[in-house]
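Below you will find the structure I want to go over with you.
Each chain gets a letter, A, B, C, D, E and F, in the order it is written, and its residues are counted from 1.
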Amino acid sequence: MPTVPMIEYVDASDEVRAVYDDIMTTRQVNWLNNFWKVLAHHPPTLKRTWESIKEVMAPGAIDPLVKEMIYIAVSATNGCEYCIRSHTASARKAGMTDAMLGELMAVVGMANETNRLANGYQVEVDARFLTPLR
Amino acid sequence: MPTVPMIEYVDASDEVRAVYDDIMTTRQVNWLNNFWKVLAHHPPTLKRTWESIKEVMAPGAIDPLVKEMIYIAVSATNGCEYCIRSHTASARKAGMTDAMLGELMAVVGMANETNRLANGYQVEVDARFLTPLR
Amino acid sequence: MPTVPMIEYVDASDEVRAVYDDIMTTRQVNWLNNFWKVLAHHPPTLKRTWESIKEVMAPGAIDPLVKEMIYIAVSATNGCEYCIRSHTASARKAGMTDAMLGELMAVVGMANETNRLANGYQVEVDARFLTPLR
Amino acid sequence: MPTVPMIEYVDASDEVRAVYDDIMTTRQVNWLNNFWKVLAHHPPTLKRTWESIKEVMAPGAIDPLVKEMIYIAVSATNGCEYCIRSHTASARKAGMTDAMLGELMAVVGMANETNRLANGYQVEVDARFLTPLR
Amino acid sequence: MPTVPMIEYVDASDEVRAVYDDIMTTRQVNWLNNFWKVLAHHPPTLKRTWESIKEVMAPGAIDPLVKEMIYIAVSATNGCEYCIRSHTASARKAGMTDAMLGELMAVVGMANETNRLANGYQVEVDARFLTPLR
Amino acid sequence: MPTVPMIEYVDASDEVRAVYDDIMTTRQVNWLNNFWKVLAHHPPTLKRTWESIKEVMAPGAIDPLVKEMIYIAVSATNGCEYCIRSHTASARKAGMTDAMLGELMAVVGMANETNRLANGYQVEVDARFLTPLR
């Protein structure tokens, strides 16, 4: 149970409904996941977060499936169950295979390991890594 | 300055040199970055970490550039300067454009934000996200 | 279920009971939350932690409600369910409104996002931020 | 040195300049801190992040100084030097006294400690903390 | 429920069974914990992770019980329930007493607190701590 | 440079000097590291933190060298440079060998890796790990 009540579509204000409608239209689904129903508790956060996610996760220089895998990588690193599960579902829907999930988790695990080896030993950054490589 | 002395190639034991050689051959470079020279302080860690990285970062179901971007995503989330800089350099070398870096950081930022919104409000996982979607 | 048994008041040693009594007197309640019953497993930790919390959360230059909101900010960032829920309850009791919780979460989310943008791009600290501004 | 070049005002596109102007006008200053000059590398992220920060940090149910202190709390927890230093400067400017900074850090430290005690012992959430207290 | 199906011994491929057998033989038990059954979803990760853990947790310059306590310290800091519970069980089996667990948690809590005090105030490293002390 | 001025012994109030004296006496040294000179900015935090550290790091059921290694494990996981360097120095002084540091870092790295594998796949805790094993 979340720390604030969830707001269902039928109980939502016009402001909240407009966001809910845009979420469902953009995603071509007829349901809303709990995350949005909780954020609706604070309409400016609902609107701002949805518009940001919509912009950031749209196809661009990186394709949507890769973006979903990056989302899982961050969420697994932070240990956020909600985001791990919801983005694993989205990535599966977008075509992530078993082999891709296996490799994704392997990279996430290794990066978390070597981050601590580099920090734990206080490895100095090589001069050649300091120049912006544009 | 790291917390242990770095071991240069000329000072390395045969065991360490064998790993150093494999790193340079695999990466087709003639230099070693500081990370490995520090790990060489503990040869079993050098060997195990290199062999793991070599296996995990190899081409597979996910292509190497995407793997580098996932590495950056984890390292930025953990705030590891060494890994951010070294993997940004690797990703650039593997073809990451300005637009890709911009979108990568945007996704990393959003994921870190929504991870805390989901946890901070204790959003309950939707039943439909709980089934393994194989 | 915690990894150690909880110690109820009736089963507590005199040393533990003295802390339990002080918690209930200070907070003007007649019950103990699970956190303390678990810490009682190691009486020096129970005593030290309670005395520290009592000192740190007391009214001072920052008012108690703001301190509770800072506690929630840290706990949401770390993803600690117990502390998120217990301090959200305390903050509510101390007067946190729906609007305040909404704004608190918005700031926590943004800070987590920009922390990663700053680290991910390795933004250099501006010289003007380096001088202690006392 | 950041991983991408910083974009100075004179070199900025119209799109970026419009954001730069709004930052300086809103904050009533005639300079830009490095964070924005780095984000300008990816204009959509610059625009979205600035508009979000502007909305989130504005006066509301929580006053701006408290918002700055919450920002410091998160940044100290994540170990982000840039954000710790820039928001400590902002909080000082907004009136944070030495005593307030001292108490802020004390709360941040304690929260980080008890988060790990609660998680490390896997303390179960008390039933009374599970009900939304609206 | 994990995000991928668990693979039981009877359903495992020869490659997976070989790892399962080695786990049970090395640990002198006749059961497998869920972690391995989930990793078996991606056999290279199962094999590499098991071989790494087997090497790293073996008796050496640090005794196995201390290694288990270090594992708990990291897992409590990261808030990983699975690892906290499984390594608390292993440490108990290896001889960790109530007093040891109490002191371990106390150190973990204090380290998490002072890490944030040091970062939050941006304490500068003393020159005498910068020299490798070999 | 820290965000607050450091307070040297000669400039310290009687209250702060009493703590400084106790630190030097307890540790049998004639100097103070920067951490304490910064905390002295807020005397109650200086006093409380020192007394807590003194109690927690004293010999007990776990020996002081192991406590120092646990401190390093947490600090490396959190990426706190100050604490990594100061506690690596303390551990060296207390007898940590090269081999011990190598094994410590190996365990820290593996724990950070498997924490993410367990969370990333949402591995369910085995029933046998749920019972307190006292």
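The rule is short, and it goes like this: a contact is a pair of C-beta atoms (placed from the backbone, for glycine too) under 8 Å apart; a residue touches a chain by one contact, two chains touch by 3 or more.
Here the structure is a predicted model, which is why all the values come from computation and not from measurement.
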Over the chains that touch one another, what is the least number of steps taking chain C to chain F? 1
Spell out the chains that contact chain D while also contacting chain F. A, B, C, E
Which pair wins on C-beta contacts, A-F or A-C? A-F
For the C-alpha superposition of chain C onto chain E, the rotation angle in degrees, rounded to the nearest 5, equals 120
Copies chain A and chain E touch via same or different residues, half shared test: different
If you average the CA atoms of chain B and of chain E, how many Å lie between those two points? 20
Euclidean distance of C-alpha centroids - chain B vs chain F, Å: 27
Junction residues of chain D, two or more chains touched: 1-4, 41, 44-45, 48-49, 52, 56, 77-81, 84-85, 88, 98-99, 102-103, 105-106, 108-110, 112-117, 119-122, 130, 134
Chain contact topology (line, ring, star, complete or other): complete
In the complex with chain A, residue positions of chain F that touch it: 72, 76-77, 79, 81, 84-85, 105, 108-110, 112-117, 119-122
Counting only contacts in the complex, chain F reaches chain B at residues 79, 84-85, 88, 98-99, 101-103, 105-106, 109
So, in the complex, the side of chain C touching chain F is made of residues 1-5, 44, 48, 52, 55-56, 130-132, 134
For chain A, which residues are in contact with chain B within the complex? 1-4, 33-35, 38-39, 41, 45, 49, 52-53, 56-57, 60-62, 66-67, 69-71, 73-75, 77-78, 80-83, 85-86, 88-89, 92-93, 97-100, 102-104, 106-108, 110-115, 117-126, 128-130, 133-134
Considering only the defined contacts, which chain F positions touch chain D in the complex? 3-4, 41-42, 44-45, 48-49, 78-80
